[in-house]
Each structure stands twice: as C-alpha cells, then as structure tokens.
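Just below sit the structures, each encoded as structure tokens.
In what follows, subunit A forms one complex with subunit B and a second complex with subunit C.
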Partner chain A sequence: MQRAILITLVLALLAGVVGVLVQLRELSFMSDALTHTVFPGVAIAFAAGQSLFVGALIAGAVSSVLLTVATRSKRIDQDSFLALLLAGLFSIGVVVISRHHTYSADLTTLLFGRLLAVDTLEVIETAAVALIALGVVVAMRKELLLRAFDEIGAEAMGYSLLCIDLAVNLVVALVVVAAARAVGTALVVAFLITPAATARLMCSTLTRLVATSVAVGAVGAWLGLVISYDTSIHQGWRLAPGATIVVVLTAIFAIVAMYQAVRTRAVGHETTSSSTT
Partner chain B sequence: MRHILDLYDSGVLRRALLEAVLVGALCGAVGAHVVLRRLPFFTITVAHATFPGIVLATIVGLSELVGGLLFVFGLIVAIYVVAGERRLDTSTTVGVALAGSFGLGVMLQSTQNGFSRDLTAILVGSVLTVQRHDVVTTFIVGMVVLCAVIAIHKELVYRAFDPQGAEAQGYRRVLDLVLLLAVGATVVATVPAVGTILAVALLSVPAMAARLVTRRVGTAMVVGAAYGAASSVLGLTASAEWNSAAGASIALASAALFVGTFIIVSARDQVSRHRVLPSVAHA
Partner chain C sequence: MTSALHVHDLCVSYDREVVLRDVHALLQPGESVALIGPNGAGKSTFIKAILGLVPASSGYIEVLGTTPANARAHVAYVPQTDHLDPRFPVTVQQVVLMGRYRSIGWFRRPAKIDKAAAHAALEQVGLVDRATDTFGTLSGGQRQRVLIARAIAQEARLLLLDEPFNGVDSVTQDVLLDVLARLRAEGTAVVMATHDISVAHLACGYACLLNRRQVAFGPLDDALTADALKATYGHHAVVLAEGTALLTTH
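After this line comes the complex of A and B, so read on.
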C-alpha cells in the first residue's frame, strides 16, 4: 500500500507537470495515441519473456519518433494519421497477445496494471523515468514555452521545431512508460489530461497551472487509493485502485467545471474568455 | 482459393463475415464525415464510453445496445455543452471524457465478479460470437444512421467547409450534435463486432483511403464503404486462416489497404506532376 501511494504520487507529480505542456500544445490526442502505441512493445516483450519495462521504453521511443514525423505530414490530416498509427500499432499488440493461451487475463493486466502489486524495483524504475522526463522539461522549458506560444517566432529564431516536438513527444512517452506498470497503459491518459484540464479551469498563469495540476493529481491519486482501499477492506466492495483514481480525478474536474459554469452565469457579463486561446 | 472458400463453410464464420461487412461498410461511409470534421479522437472517446455503458446495462439489467446508446448519447451531449463553453480546447474536453468514462467502466467492472472475459470482448471485439439478432441490430442502426447523415448531407458539407457561412445562413450548431450522435450510434453498433479501438480504425482508415481517391464527400462515402467492407473480408479471412484476433486483423487489413492506396496514388502523382491531388483541406 505504501509503495502504491508512493508510485501514484510520483506519477501525479510527473504527469501534472507534463500535462500542462500537453494542454498548452493541445496534444491530448497525441498522448492517447502514445498510450496505445506503447502497448505493442509491452505485448512483444511479454510474448518473448523479456522485461516489460524495456519493451515499453523501446516502443515509447520508436512510436514517439513515428508520431512526430506523422503529424508533420502535409498530405494527410494529422488526426486521421494518428488514428491510423494508433489502431494499427495497437492491433499488432493484440495480434501478438492473442496467439498466447492466457490471452484475456494477460491483456487485462497489461492494459490496467497492478497497482497494489508493484514492487520496490518498479517504484525505482518509475522514479528514474520520472526524473529523466522532468529533467528534460526543466532543461528545455524556455524552448518548449516559446514553441507553444509563438511557433513562427521560434522557427525564425532558428530553433528546430522538429527537435522540440520530438522532445515533447518523447517526454509524454516516458510518462506513459513510467505509468504503465502501475495504472496500465489504458488509464495513463487520465493522469496526463484531467489534472491539467482542471487546473486550466481555475487559473491562467503558468506557475499556478503547474502547481494546481500537480496538487489536483496528488489529491485525486491519494483520495482514489484511500477510497479503493477502504471499500475493499471494510465494505467488501472491490474497486480497482487505478480506475478509482481516474474516476475521482474526473469527478474533481466535473465539480470544478460546474462551479465555473454557475459562477460565470451568476457574474453574467464577465467573459469566460479571459484566458489565452 | 478453394481452401479460402472452404473456411466459410461454417455458419458461424458466414454470420461473422456478414456482420463484419455490414460494420465495415457503415463505418467506411460515416467515416467520410469523421475524417472531414477531424473526429477520430472523438470517435476513440465514444468507443471507450460504450464500455461503462455496457457494464452499467449489465448491472441494471438493460440490453447492452440500449445501455451503450444511452451512456454514449449522454456523454456526447456533455462534451457538446462543455466544448461550447470555449474555456478548454475541444480535444482536452474530449480527452477528459475519454479517461473518465473508461475509468468509470473499469471501476464498475471491478466490482463485478468474473467479468474480465467480457472486458476483453469489448476491447478487441468478438465477431465470431455475434448472434443473428446482433446482425439485425447492426443493420437497423446502420440504416437509421445512414438515412440521417444522407438527409442532412448538404448542410453537413456546407458546415464543414464554411462554418461561418453556415452560421450566417441560420444553420445552428445543433447540426454538429446530430453528426456526433450519428457517429456515436455507429460506434455502439460496431463495438460488439470489432471492439473499441478497432472501431476507430474502421471509422477513419477506410475513409482516409477514400479521401486519397476522390475529393467529393458523397463519393468518398461510397468508396469508403467499399474499402471498409473489403477490409472486413480480408481481415476476417486472414484471422480464420492464421488464428489471430479477428478485430485486430480487420484493422490491420484496413491499414494495409490504405498504405497500398497511398503508394499507388503517390506513384501516379509522380508520373503526372501537374495533376493536383485531392489532399485534405486544412481547416
């Protein structure tokens, strides 16, 4: 349980920071695509009896390069291209797994993780990946922000947009890899998108966004785990911990969104679009 | 060839083929609008949202189709309303809905004993276990969706290419909601056969291939339907032949058809330089 709390808090911190970046660049679909494209790596590693973590790392690196190149295509609409890669690569993973005997149970574990069964090594692996990803974000924060707010300016100043985009997608892929063992590839998206979106509803400046996003993620993760633990032990209701965290995060978002909607109605003339779009 | 035909001797496989072709054609046709309006991410969300719908329906005791439709329609209306507030960009709203509804499904599912097999079926589909009434349901939902989309075809195309113009002429945003609901219904009808993520493949990839071949939306719907049906036949045959997951094989077949088309069209483009390719409109 302590390891589970520790690993989710690390993830909340990591995903909270990266999530703000994802939101600034409107990369929600990209991050969802990455969660699916990491899956074949995990599946192949599983079928070959290799370390799932290494498989996920390799697939994450390869697919973030693929997706970065794909989104630069002028010929094909980038959303459709992402859908193609996402479905195609995910299908490869499913086909690989489907030739295995215990197909169904394996697939569920790989997709949803085993939060309560993480061991110390996995916590260390996750923390290491988180450190690297956060290090990249902190080191490149100036370039990342410039790219997010002034694409043409960044290009004119001689920055390679391709390199910056690649770095962003690699960081997102690292988050997915870090989270894969604990909450599974299917639920990482919640960590990446929901806390940052909640923060966006509440504040506009960057520092506040990051702080709020991390705080929301951490509170949601802790609350979700506690609820899941409590209902399982005392009520005899088994609630999957990873999924409960996601539901709690979404509930926080829904409450904030409703509060904001009511408040803007009440204020009336105050425009909602005080935010930069 | 004889051997391939022999595969379809069994009634199960023939029914599976019929269902897959229906689903493929429907998705290929509706997909023209999905690609046109950049809805693939929305489609993924809706596909994942069928999961909590089905789990809830199982718990309450409704039919899976009704449960899926109710939940998905509710979610679509919620996305439509929140996206209309314009504080968050649409993809973020769609992402929150995606994660939240899928998480809800997994959480509800974890309270039920012995449900995990069904989860796999929802994720990757089980076209080989479709029943007669599934095929009939797919057909009816497909007809309703196609009639709705064709009935407002002119307005949808106008709205897609000139949103301001459409608004100035008095067309409401509700038009978008109708399209979103049509895509939602298509997904709900498709998921039992090919699963969530692969429904997304059928709703975007055949339409992308059609987009390379023609620039007219109406024609793209017809060509997309043909591509979708062809993907189903190829994928299902491959899956029966090599014993791989049917839904995934169909998705891979559609990807292969797209890549093939792309190579041919690009080659043709190289040969006749001056010909303008029907490329995607950058809205």
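After this line comes the complex of A and C, so read on.
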C-alpha cells in the first residue's frame, strides 16, 4: 500500500503539471491517441516476457515522432489520421495479447493497471521517468508557454514548432509510460486531463493552475486509493484502484463545475439586482 | 549602410497559385512603409515572406542584410490580437517578457535585465500598472499595446505590424503612433499592413500598394495617386482631394 501511495503521488505531480500543458495546447485527443499507441509496445513486451517499461518507452518514442510529423503536415486530415492510428495500433496490441491463454486477465492488467501490486523497482522507474519529463517541462517552460499562447508569434521569433511539438508529445508519452503499469493505458488520459480541467475551473493564472492541478491530482489519487483499499479490506468489495481514482477525480471535477455554475449564476443575479435598484 | 529591407521582383505562390507578384521595395533603417490594399491583397503574405514563413517562388528578399530566416532574431512581428485566446492564463508582464525569450536563450530564466526591459516597454505603452493582470482582462486596444510592448522589449531593428490600428480606441491609437515615431527615431524600420489610408499618412513615410501584385511603391504622396488607388481598390476607391481617399468598402 505504501508503494501504491508513493507511485500515485509521483504520478499526480507529473500528470498535474503535464496535464496543464495538454489543456492549454488542446492536446486531449492527441494524448488519448498516445495512450492507445503505447499499448502495442506494452503488449509485445508482455508477450515476449520482456520489460513492459522498455516496451512502453520504445512505443511512446515512435508514436510521438509519428504523431508530431503527421499533425504538422498540411496534407493529412489530422483528425482522421489520429483516429486511424489510435484504433489500428491499439488493435495490434489486443491481437498480440489475445494469443495468450490468459488473454482476459492479461488485457485487464495492461488496460487498467495493477496499482496495489507495484514493486520497488517499478516505483523507481516511474520516479525516474517523471523526473525526466518534469525536467524537460521546467527547462523549456518559457518556450512551451509561448508556443501555447501565440503559435504565429513563436514561429515569427524563429522557434521550430516541430521541435517544440515533438518535445511536448514526448513528454506526454513519458507520462503514459510512467502511468501505464499503475493505472493502465486506458485510464492514463483521465489522470492527465481531469485534474487540469478541474483547476482550470478555479484558476486564471498559470502558477495557481499548475499548483491546483497537482493538488487535485494528489488528493483524488490518495482518496481513490484509500477508498479502494478500505472497501476491499472492510467491506469485501473489490474496487479496481486505478478506476476508483479516476471516478474520484471525475467526481471532484463535477462538484467544482457545479459550484462554479451556481456561483456564476448568483453573481449574475446580484449584478442584475444592483443595476435595477 | 545596410538596408532594413530589400525586396526584388518577389513572387509568392500557395499550391501553385500565385498570390503575390512583382513586389519591389527598399527600406532603410528608421523608415516606415504602409502596406495598403483590400482583404486578400497579399499584405499578410508579404509580411510572412519577410519573416521567412513562406518561401519566395521567385525573386528575393533581404532583411537587415541577410536572409529572412537568419534575420528573425532582430525582427519583431506584432499580430492582430483576435487570434489570441483571451482566456489563456498569462499575465501582461509574461506576454511582454516573451519578446526577450530569443535573447535569453533556451533553458535559461529571464534575468533582471530582461524584466527591466519588459517594465520599460510597458511604461512606453502606458500599461505598467496592469503588469500583473491577466492578458485577457484587458480591452482590445490595451492588448494591442501589450503586443507592441512585447515587440519593444525584443529590441528589434525591423518591426512588422499586421493591422495594428484595427478596432482600437483613440487612446491606443495615440500611444501607438507615439511609440512608432520614437522607434523610427531610434533607427527601427517599420512595415505596417493597413487598409486605413489616414493612418498610413500619420504613421508612415512610404506606401506599398498591393492587390495580389504590387501596384505602387514609393513616398506616400507619390504612391497614393488616384490611379494607383483605383488600381488597388477598383471601384471601391473614391478619391476626394489632395491625396485623401475614401474607401467605400474593403
């Protein structure tokens, strides 16, 4: 349980920061595509008895380059291409896994993770990947900010958008690699998007946005893990920890969204009342 | 003295369709030219060609004595504000600091000198008291001033502006005219796309009339003739008197 808490806190920090970048760049679909294109790497490594971590890294790197080049091309319909790549590569992963006699259990593990069964080596590998990804984001933070805010301005200043976009996609791929074994490739995108989307409802400055996104991710992850573990021990209910975390994060988003909607309406009524008196 | 901009027989095509041709221009440091023409005339294309963002299919462009790509560090581009997301969580000061990024370099943080340059630029446009406000909370005219401040902070030798006076209030117009005059006096050359001839008279010494080809280039009074305006705007140009033109639509 301690290792599970540690790995989810590391992922909350990583996904909290990178999730803000994904949100500002409107890369949610791209991120979802990456979670699917990493899957065949994980599946092939699993089937071959090799390190899932290395399989995911290779698939993540290849996918990032492919998706970056495709989305920068003016000749390709990007939306269709992403969907095609996502479905195609994901299916390759499923086909590879389906050759195993323990197909269902293996697929479940790869898609939804095995958070409570992570070992020390996996925690260290995840932390190392998180460090690299966060290091890239911190080192390039001003270029990433400029590119997200003003694409034309960035290009006019002489920045290679291809290089910046490749760096972003590689960072997202690293998040997928880091989170794949703990929460599974199917749920990584929720981990990446939901805390940042929640923070966006509350914050209008970048520093607060990142801090809130990390905080929401950490609280949601911890709460989801505790609920999953506690109900398993005391109620006898088996709740998948990765999925429970995502449910908790989604619930937090829904609560904050409703609160903001009510608050906005209340402020609107006050303004209308004061202008008519 | 190296010219700020030297264009010879420039032709630009997109997917084999010629969108701009026969462009000649020579601009020295401290001079300013208004790119005048209707929508779709090629003003933005010309600006992109100067930035090296679109290739010339024939002819050449020399910017500050070198190729457009090599000159970018010394060229500041001020886009229209409407393509920027007003909800983006960035402060006014952060936007202005972006003008210093190239000189700061990759992986390095802004230093005190960069923050001082950003502060000075905001002072010039009269927005230093809004430095910590979110960019999107400013009015359209104020946002335009912030982008001008970003260009000032960049300390560029050539300034490219895309319709900077579009929809701005009179305060912003006065501030922009004042800033442009100061920059020209310091030796910065200015290329400004506009469809507003009265603004061209106030801000520029030269005019380049475009309508998918160059109609005229030269000192304002020489270029803005009745015939040139008719060739540029067609029947939408009504020339009143003494070079003042009324455009019925553009």
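Some notes on this structure:
Throughout what follows, the second predicted complex is superposed on the first by the 268 of 277 C-alpha atoms of A that agree within 3 Å, B and C clash if a C-alpha of one lies under 4 Å from a C-alpha of the other, contacts with A are read in each partner's own complex, and residues count from 1 in each chain.
Basically, a residue touches a chain if its C-beta (ideal position, glycine included) is under 8 Å from a C-beta of that chain, and two chains touch if they have at least 3 such contacts.
As the structure is a prediction and not an experimental result, all values here were calculated from the model.
After alignment on the shared subunit A, the placement of subunit B and subunit C results in a side-by-side fit free of clashes.
Look at A:Ile152: by the touch rule set out above, it reaches subunit C but stays clear of subunit B. Contact with subunit B, but none with subunit C, is seen for A:Asp32 once the two complexes are overlaid on the shared chain. Touch criterion met: A:Met140 reaches subunit C, while subunit B stays clear of it.
Here subunit B and subunit C are compared by how many residues of subunit A each touches, and B touches more.
Residue contacts after overlaying the shared chain place A:Thr250 against subunit B, while subunit C stays out of touching range. Once the two complexes are laid over each other on the shared chain, residue contacts for A:Ala197 go to subunit B alone; subunit C is not touched. For the combined arrangement built by superposing the two complexes, subunit A sits at the apex of an angle of 90 degrees to subunit B and subunit C, based on C-alpha centres and given in steps of 10.
By the touch criterion stated above, A:Tyr259 is placed in contact with neither subunit B nor subunit C. Overlay on chain A (Cα): least separation between subunit B and subunit C is 8 Å. The residues of subunit B lying in touch with subunit A in their complex are 35, 38-41, 43-44, 82, 85-89, 91-96, 98-100, 102-107, 109-111, 116-117, 119-120, 123-124, 197-198, 200-201, 204-205, 207-208, 211, 243-245, 247-249, 251-252, 255, 258, 277, 279-280, 282. On the subunit C side of its complex with subunit A, the touching residues are 51, 53, 69, 72-73, 75, 77, 79, 83-85, 88-91, 94-95, 97-98, 101-102, 104, 106-107, 109-110, 134, 150, 154, 160. The touching residues of subunit A, counted against subunit C in their complex, run 24, 139-140, 142-143, 145-146, 148-150, 152-153, 155-158, 203-206, 209.
Those residues of subunit A that touch subunit B in the shared complex are 23, 26, 28-29, 31-32, 36, 74-77, 79-84, 86-88, 90-92, 94-95, 97-99, 103-105, 107-108, 111-112, 186-187, 189-190, 193-194, 196-197, 200-201, 237-240, 242-247, 249-250, 253-254, 257, 260-261, 272-273, 275, 277.
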